[in-house]
Amino acid sequence: MLHLLLFLIFGAICVAGAVNLLVQRHPIQSALSLIVVMAALAGEYLLLGAEFVAAVQVIVYAGAIMVLFVFVIMLLNAAEEEHTAGSRVAMILGVPGVTVLGLLVAWMVVQHSNSPSVSPAALYADPTTHGAPATIGTLLFSEFLLPFEITSVLILIAIMGAVVLAQKPQHGKEEK
Amino acid sequence: MIPLSYYLVLSAILFACGVTGFLIKRNIITIFMSIELMLNGVNLSFVAFAAQWHALSGQVFVFFVMVVAAAEAAVGLAIIISVYRTRETLNVDRVNLLKL
Amino acid sequence: MSVIKIVLVVVILLTAVAYTVWLERKVVGHMQNRWGPTRVGPFGLLQPAADGLKFILKEDLTPPHVYRPLFIAAPIIAVTFALSSIAVIPFGTEIRLFGLTIPMQITDINTGLLVVLGITSVGVYGIALAGWSSNNKYSLLGGLRASAQMMSYELSLGLSLVGVLIMAGTFSLRGIVESQSGHFPIWLPHWNIFRGQIVAFFVYLMAAYAETNRIPFDLPEAETELVAGYHTEYSAMKFAMFFMAEYANMVTVGCLATLLFLGGWNGPVFGPAIVRAVLPIFWFVAKVFCFIFLYIWVRGTLPRFRYDQLMAFGWKFLLPLALANVVVTALVVALRA
Amino acid sequence: MNPNFNLWVIPVLALTGAAINGLFGRRFPKQVVAAVGLLFTGAAFLWAARVALAVFSGSVLLPHTELLASWIRSGSFHADFAFYLDQLSMVMLLVVTGVGFLIHVYSVGYMWEEGGFYRYFSYLNLFMFFMLTLVLANNYLLMFIGWEGVGLASYLLIGFFFLRDSAAAAGKKAFITNRIGDFGFLIALFLLIQKFGSLDFTTVAEGVGKLPTEAGFGLLTAVGIFLMVGACGKSAQIPLYVWLPDAMEGPTPVSALIHAATMVTAGVYMVARSHVIFDKAPLALAVVAIIGTLTAFFAATIGITQTDIKRVLAYSTVSQLGYMFMACGAAAYAAGVFHLMTHAFFKGLLFLGSGSVIHALSGEQDMRNMGGLRKKIPWTFAVMTAGTVAIAGIPPFAGFWSKDEILWQVYSHGPKILWALGLLTAFITSFYMFRLWFMTFFGEYRGKLESGDHGHGDAHGHGHGHGGIHESPMIMIVPLVILALLSIGGGFIKAPEFLAPVFATGSVHVEAGHGEGAAKVEGAVTEAPESKSTEYWLMGFSVGAGGLGLLLAYLLYHRRPELPGRIADGISGLYRTVASKYYVDEIYNWMLIAPLIDVSRRWLWRGVDQGGIDTVVNDGAIGAREVGEIARHMQSGNLRSYAGWLAAGAAVVVAYMVWLGVR
């Protein structure tokens, strides 16, 4: 019961944060709402037995990626969003599309709502559901070694790409 | 006891919020954040399914998603910076030269 | 029970923070041939109390054109995250009191180190948001610098810990300390710093300076360039919160260094039962004190880096060094196993 | 249980050499390139020799198969990287690596002054790799790889002087002609897969063994004839022989190695390897015999009239290959392979010798501009003499033994007309070879070059044209001498007896008739019905034919050098026909190539390509453009519009999936 309550609280924070992201007009507000969503999601992960994922969610998402977002917003001194009507399609097709999509998925989930209920205590007791760092690490370095290595290459490429893209254009050199 | 379908519903709500954000927001950074929101929603369903099927690979997958998200954020924000340098705007409606 | 512990720890921490400030003023003063605070109480020992009183009594000024909600939230965020990371830090083994076994720690969770890392990584928002919400170019630059610097050095910080984690095989801080008990045959304690993690310790030290925005890496509040950096617009208690956050972070970092590299509360234990019970805590505090003293010493000695030097140092020197340390440690451990 | 020889090492050694020279050779000095080329072929030869010693010492049970790796596994069909060693591949292995190595050594001297030295050695090693793969393969598919690979290497080497138009054209001609043969080979492979579900030699042999001998035209006959088509292409038999004389555009050592000693004999090897199929298909065997005999005869007659020293040898090669097929056609595979081996020795020698002559004359190839070289290049003269005598069938040199074996086998197993033609060919062979010999080495020197006093080792490229006539350097002489010794003594190698176990599974007696192959299986080849005296008679005939050729050549080209011209004038029509190679190239041109080009131009190009395919493509493009003209409005350049389309599309897809699930 306590856990269900926790789930509902975290879930409510998540949804509120997500909606706030949409409603707010200044990007830094949206970014802060997103951080809140992520922190609350970390709580949900803890309820699901994904201890390590929760920690990494906070460290990587909230602590690194979102800092980067905030940094860029501050760097570019982004102002409040202006309202332009650049796209009719997004309103005419997109929003109804999303509505339909959401309704369909919700309907499917309700149709198949015989999925099991879980209690965090049981999840933590069972080594096949408790995402302890050691277990996850073993999986990463055995079964998922190849994807792991490939992602590290991906990160390297991303770093180089980011450096190249964000570099100030050096006109002097280009003329040579 | 929490039914797993609750998690799925929450995940779907977050995802839908992300898509909606993509559609209605004009600021390119906010749009980018909407993508992160979608990824987070998907991550939640991954973890939920991992719990349901007793397969930790679902959680491992979340790591890969996070790594990709981090890489994407780095490159994406770099692109945003260079777009801002040339166009001096963050409004996607004003960055629409690439068309026929 | 936990509530008592929390209150106790927070009070001790805040006192420690206050006296760290006093210590710094005193030590730096003596280094510069001054006396430091002397007027309030013997040796100026009551100076922190006086400062606190002053901060509380000052007018809480909010400049116009700031973004109010965040302007107020920023120092709270900073001090909250700075204080909360102490929750998982163990100060010693258990002590038995009135038939109760009390672990010297608010809560022992087996991913304690991750929690500390998570909290410190989020702590940057306090500074960044303060800089942004002040609507002041110096503040903004300070906030920008702080976030860039802390993001950059967080990598090295995290990687420097990986070596220790490989040696200990656990994320639990208690477990890490216990893995360092005992000593080598020649009376050399079995601390990580003596077990080949000296390079990691060096990296950690450098990264910790940067993470806490201390000299020589105190670019976010560089007086000569940015007036006072991110807290230019802050005054009174809100300023005091940033101040407390900075020193609390110093203490946390010192605790972490002690736990991870300096053997935690491990040390010679002797004497009657009561002494035996207290000695580990004493060793722990002594080590943290040494670490903080080192902080102050460095502040009195080194000049400030330039910003490009800071970034180059972090990315081009510290990060490769930390990576090399991880690789070497992993190799050694793998070969021994 | 046989020891593991690691047979795969032999071809891979050659491949390694090719790779090193091909990839890095550009930067190497020539000495290193030569060292790499020689080292790896030499090592391959030593490895082969090691295997051979083990085989000869009797410690190995043949046939011996080694599986290296699995290659293709598809359903029940599988083909592996596996190597097959029996007496036949043993002989081929030694010939290819041995002669190949000698020719490599020779090439170092011959090609020293040429450009693209590293390229040459890389190609040559590559050729060795494919040839060894061909020889060692244990299934038709791997063999086919080698088969195609040697074709490639041959193409590359014929066109080695690709700046010369004729060389490039000759390379293309060789390649395309070979393709026709390969087409036949491939069809044969398909038939085999369809019938036996496998391409393993052993599996196919077992499958064939269970079938009865075909009286008329059946599947095996078809397979045999298609295999023969393939062999015709590779081994330059009628009607696909036209590429080989043109292939002489390549460097002379290449002509020696590829177009005389090894590659062109691949067809013979393949027929011998497939003897189980031919044994059961007398009709196919008859085809082989007829083609072989006709080729031998016609190529020999053309050889008489040629004046280019290498062309004479080229037609001689075609003719000798015809001999080998004649032997195979008489089910005397061992004799054919025996001749293959001796031919490799003496024809390799003759080509290399002719190369030495050409080298001495700084690039002159026309025999009319030679003469009297006996004194000037004594070593070359000596070894050429050995080769000429060997090919002419003068006992006891190598060519005599193998040719006599073939003629005897043909006499005893086949129709006498084939034997008669073979004998006549032997006479002609002897005649044109001695004609070459006399024209080159005797009489007066008819060329323009001054006789020089340059010492040995002072090698000049032809075309550089400085200095006079000079003997080749030692590095070219030594391989020549070794080959000369082999040509002299090679006939005493008991190859037919050694090879007998391979072909002992039963042989076919082609009794009469070229068309209807009535045949009966007999015990073994060696049990010939003829008596010993017949054999000696036959031997006498062939020696007589050789001697007659020598005599005639002596008369016409040494004693009365003016006579040949007059004779040619007397029968000028016939002479011109023969000298123009029976106008075969022209006939092919008129019958096949011109109509092909015409049809391609009129019908395939203008009709099918322009009218059909282009119209479809263009209309498709126009249609796409028109659709795009409408659809491009979707591409507004606005990011959020794209997102809108995407979301709507996703909604449709999910709705469809839900509908499917509900339904």
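Labels A, B, C and D are assigned to the chains in the order they are written; within every chain, residues are numbered from 1.
The working rule: a residue touches a chain if its C-beta (ideal position, glycine included) is under 8 Å from a C-beta of that chain, and two chains touch if they have at least 3 such contacts.
Only a predicted model underlies this, so the values are computations on that prediction, with no experimental measurement involved.
Among the other chains, D has the CA centre that is most remote from the centre of chain C. Centroid to centroid, with C-alpha atoms defining each point, chain A and chain D lie 68 Å apart.
Chain C has its Cα centroid 29 Å from the Cα centroid of chain A. Chain C and chain D have centres, each the mean of its CA atoms, that are 83 Å apart. One finds 34 Å separating the Cα centroids of chain B and chain C. In chain D, 636, 638, 640, 643-644, 647 are the positions where the chain touches two or more neighbouring chains simultaneously. Along chain B, residues 19, 23-24, 26, 92-93, 96 each make contact with two or more other chains.
You'll find the chains touch as A-B, A-C, A-D, B-D. Interface residues of chain A, counted against chain C in their complex, comprise 28, 32, 35, 39, 51-52, 55-56, 58-59, 62-64, 67-68, 70-71, 73-75, 77, 132-134.
Against chain D, the residues of chain A that register as touching in their complex are 86-98, 100-101, 104-105, 107-108. Listing the residues of chain D that touch chain A in their complex gives 636, 638, 640-641, 643-651, 654-655, 658, 661. Those residues of chain C lying in contact with chain A across their complex are 70, 110-111, 114-115, 117-118, 121-122, 124-125, 128-129, 131-132, 140, 143-144, 147-148, 150-151, 154, 158, 169, 171. Per the touch definition, chain A reaches chain B in the complex via residues 3-4, 7, 11, 14-15, 18-19, 21-22, 27, 30-31, 34, 37-38, 41, 44-45, 47-50, 52-53, 56-57, 60-61, 64-65, 68-69, 72-73, 75-76, 78, 81-87, 90-91, 94-95, 98, 101-102, 105-106, 109-110, 112-113, 115-119, 123, 126, 128-129, 131, 135-136, 139-140, 143-144, 147, 151, 154-155, 157-159, 161-166, 168-169.
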